[in-house]
Amino acid sequence: MRAFRNLLAAGMFGAAMFALLTIAARPARAQEEAPTPPAQNWSFNGVFGGLDLAAAQRGFQVYSEVCSTCHSMNLLHYRDLEGIGLTEDQIKAVAAAVTVPVGLDDQGNPKTGPGTPASQFRAPFANEQAARAAMNGALPPDLSVIVNARTGHANYVYAILTGFQEAPPGFKMMGGMNYNEYFPGHQIAMPQPLHDGQVTFADGAPNRIENEAHDVVTFLYWAANPEAIQRKQIGVRVVLFLVFMTGITYAVKRKVWADLH
Amino acid sequence: MADPSAAVAGHHGPADGVTKRDFLQLIALSGAAIGTAAIGWALVDSMNPSKDVLAVSATEVDLTPITEGMGITVMWQGKPIFVRHRTPAEIKSAEDVQLSQLIEPATDASRVKPGHDQWIVLIGICTHLGCIPLGNKPTDPRGDWGGWFCPCHGSQYDTSGRVRHGPAPLNLYLPPYAFETDTKIKIG
Amino acid sequence: MAGINKSEFPNPVINWIDTRLPIFTMMQKEYGTFPTPRNFNYLWNFGALAMVIMMIMIATGIFLAMNYQPNTALAFDSVQRIMRDVNYGWLIRYVHQNGASMFFIVTYIHIFRGMYYGSYKYPRELLWMLGVVIMLIMMATAFMGYVLPWGQMSYWGATVITNLFSAFPIVGQPIVTWLWGGFSVDLPTLNRFYALHYLLPFVLVGVVFLHVAALHITGSNNPLGIDVKSPQDTVPFHPYYTVKDSVGVCVFLLIFALLVFFWPNVLGDPNNFIPANPLQTPSDIVPEWYFLPYYAILRSVPNKLGGVCLMFGSILVLFVLPWLDTSPVRSARFRPIYRQVIWLFVLSFVVLGYCGMNKPEGIYVILSRIATLYYFFHFLVLLPILGKLERPLPLPESISRAVLGGGGGGPMPSGATAKPMEKA
């Protein structure tokens, strides 16, 4: 009887968690406006997920050569690139190759200079108004945490990048918009950014749209969650430790309560 | 509901010394202590300098734009650092000083890096009460020994940054630095 | 209460302190030898779990506060700096963020235990009401805490909920302006929410202290709902319940760790990764999951003031629960009808939560109205009537009889039933 009630308590707790997680994993509410993006294979998926460093580095190249023309990543600094495997010298070289604001000159006017590892990623526009002015009123969102900021996460961003198509017959497109299969409402202000062979990778990896998109999303996932791999590694150890501790404390509990029964 | 461990427990009493229960309790308590220490360490370590602070904890200075006789001021860990390119005359006057004449005796060689004695790198904070001495700009007064002059209370330093006229008691401090190449130093 | 009583602890240091301020004697009495019913099930762990998570939240909150910037221009970035640059900042932040969810899960189950076993009945009415106060403080703290990261949901959630107060006639809009410190949710609002969010947990600690003090006057309830009759009914809190609570703590931490380390954002809203933008409303404004049932109640009424009153009423009704329930029997174990219909109440709460996360259209409107009606029906109609009409099962003579099954075992023959809980 008692065991049943204990099971009930544990079951309630577990059921509450299960209900929560089921609720949390609900499909995107925008489903009626766009299909659910298909699941892709990501190196960072799963409890033991790692980060494909080569893909992340290629993704950084895609970002630098293509996306950074319009999209900022203001939360990242060049020193962070250590997280995708760049050496200190490579980071210095990457930073020095860009021109970033470096403070004021003697007259008090803003001046620019080569970046350092401590610099923020170079932003394409000085501020939101400048961006909107250049983009016909649309604001290209900052990409630092874009993978977390959209339901569907990495799968969604990948689907957007590879989802540009001709509008189906009868679909009314507004001026200046582009048809995208997975964007809610199907009309996105961004023209298709990635094409086959657009970026040439130093390691000779394939560079069709799917590859470029896969690599840049891997990079963007890292950019949004730089701690993810270390977090999961620590998590495995913590969970194992707690399973062990649950067993030990339960054994002590049984021993302590034994003389009562 | 017979509890099998009850039978076992019946055979072990506290009089038996270290029992299996005590052992288990010890392991449980140790585990709890380890867990608490791990969490505690994470919290304490979060107060250590964060990555963005560490990123500016070392400053690199390119020496090529600093011509002979010129000095610049750079910031390092919140402090002003004087970097001066000394003329041969300044080097000689620094080396020729008798140690007994100094308020805080120190050889010039001990205050420069070997092979680079034309470069003097100092923390630009007066050792009296912390003002920033003048002497880097060409228009600044440099004091009677050609080094630096502190406008707050009149302390004067020579071309090696050694105090020659009080009220400052000590020479200007040296920051940790090293030559990465002949034209670049890294401070910190 | 004058006079020093010489302490009896053997250790000289402890003895010296205890003679002058008997904290060790107090700890020994309240948590060492305190007589506790021997028949607790694991549902009785959840109060201790709530205290554990409260301490974790305060500790992580203090370390987050060392790095957070309560300025609308800096807040979002300061949280990201914690995640990226502060050593173990990501861990402290995720523990604090998911800890809020764990705090509510534990508290909801703790409240369920109280409702099922009649822990709110005489003489524990004040204990229960202090608990409702704790829940209100938790909700205020959590609401303000969610605003601090200054994401889209932070801003718009704050706007919607503070705007609710404008429903009150005449004083409504001035109250809202006063809450905001301006004409919309902005820098003054964020700053004061930060100050209050830091303050309220310490108020909470005080109320929890009163809650435990009240409990220690009356003693704990137990799954049978009958009073402790003799020392055989109880065991000392230490080591029996310290050790049983430690098992519960480990299971709790295990589930907590799974969330923090593997699914840290699953209970959150992706919109909160977008910095707050007063010029752009998200397509769905949804509070955190633990507020969803109340959100659904709010939206179930087409009238703004009605919705506000019903939403606050759904919590205020808890205060008077001890007087709404007329049953002379505490524990649902001996209330054959109540023990079934309470699950309907739980179902209505879950349905309300589900409705709260969806847009108020179509079937969700009808569902939320039915569930809201049932929620209030349970408290205002069912409980008063059921207590009078229900025939409870015979109560056991005592806890030790029921647990140890002494002489004959089980309940006494009819005509010799133990008295239900004695009233003063």
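When the chains are written out, they are named A, B and C in that same order, and each has its own residue count from 1.
In this text, a contact is a pair of C-beta atoms (placed from the backbone, for glycine too) under 8 Å apart; a residue touches a chain by one contact, two chains touch by 3 or more.
Note that the structure is a prediction, hence the values are computed from the model and not measured.
> May I ask which two chains are joined by the most contacting C-beta pairs?
A-C
> Let me check something: if the centre of a chain is the mean of its CA atoms, which chain is farthest from subunit A?
Looking at centroid distances, B is the chain farthest away.
> Could you please state the distance in Å, as a whole number, between where the Cα atoms of subunit B are centred and where those of subunit C are centred?
Whole-Å distance between the two chain centres: 50.
> Just the number, please: Cα centre separation of subunit A and subunit B in whole Å.
38
> Specify, in ascending order, the residues of subunit C that touch 2 or more different other chains.
Counting only residues that touch two or more other chains, subunit C contributes 84, 91, 246.
> Send over the residues of subunit B in touch with two or more other chains.
Subunit B, residues with two or more chain partners: 28, 32, 51-52.
> Please set out, as single numbers or ranges, the residues of subunit A touching at least two other chains.
In subunit A, the residues touching two or more other chains are 2, 245, 249, 252, 256.
> Help me check something: in the complex, which residues belonging to subunit C touch subunit A?
Subunit C residues touching subunit A: 38-39, 41-43, 45, 77, 80, 83-84, 90-91, 94, 101, 105, 108-109, 112, 223, 235, 239-240, 243-244, 246-247, 249-251, 253-255, 257-258, 260-267, 270-271, 273-274, 283-284, 289, 350, 353-354, 357-359.
> Show me the residue ranges of subunit A that touch subunit B in the complex, using the header's touch definition.
Subunit A reaches subunit B through residues 2-3, 77, 79, 116-118, 241, 244-245, 248-249, 251-252, 254-256, 258-259, 261.
> Under the definition above, what is the set of subunit B residues touching subunit C in their complex?
Contact set of subunit B toward subunit C: 28, 32, 42-43, 45-48, 50-53.
> Enumerate the contact residues on subunit B facing subunit A in the complex.
It comes out as residues 1-3, 5-6, 8-10, 20-21, 24-25, 27-28, 31-32, 34-35, 51-52, 55-56, 60.
> If you look only at subunit A, which of its residues touch subunit C in the complex?
The contact residues of subunit A facing subunit C are 2, 5-6, 8-10, 12-13, 16-17, 19-21, 23-26, 29-30, 47, 74-75, 80, 141, 144-145, 148-151, 153, 224, 226-227, 231-232, 234-236, 238-239, 242-243, 245-246, 249-250, 252-253, 256-257, 260.
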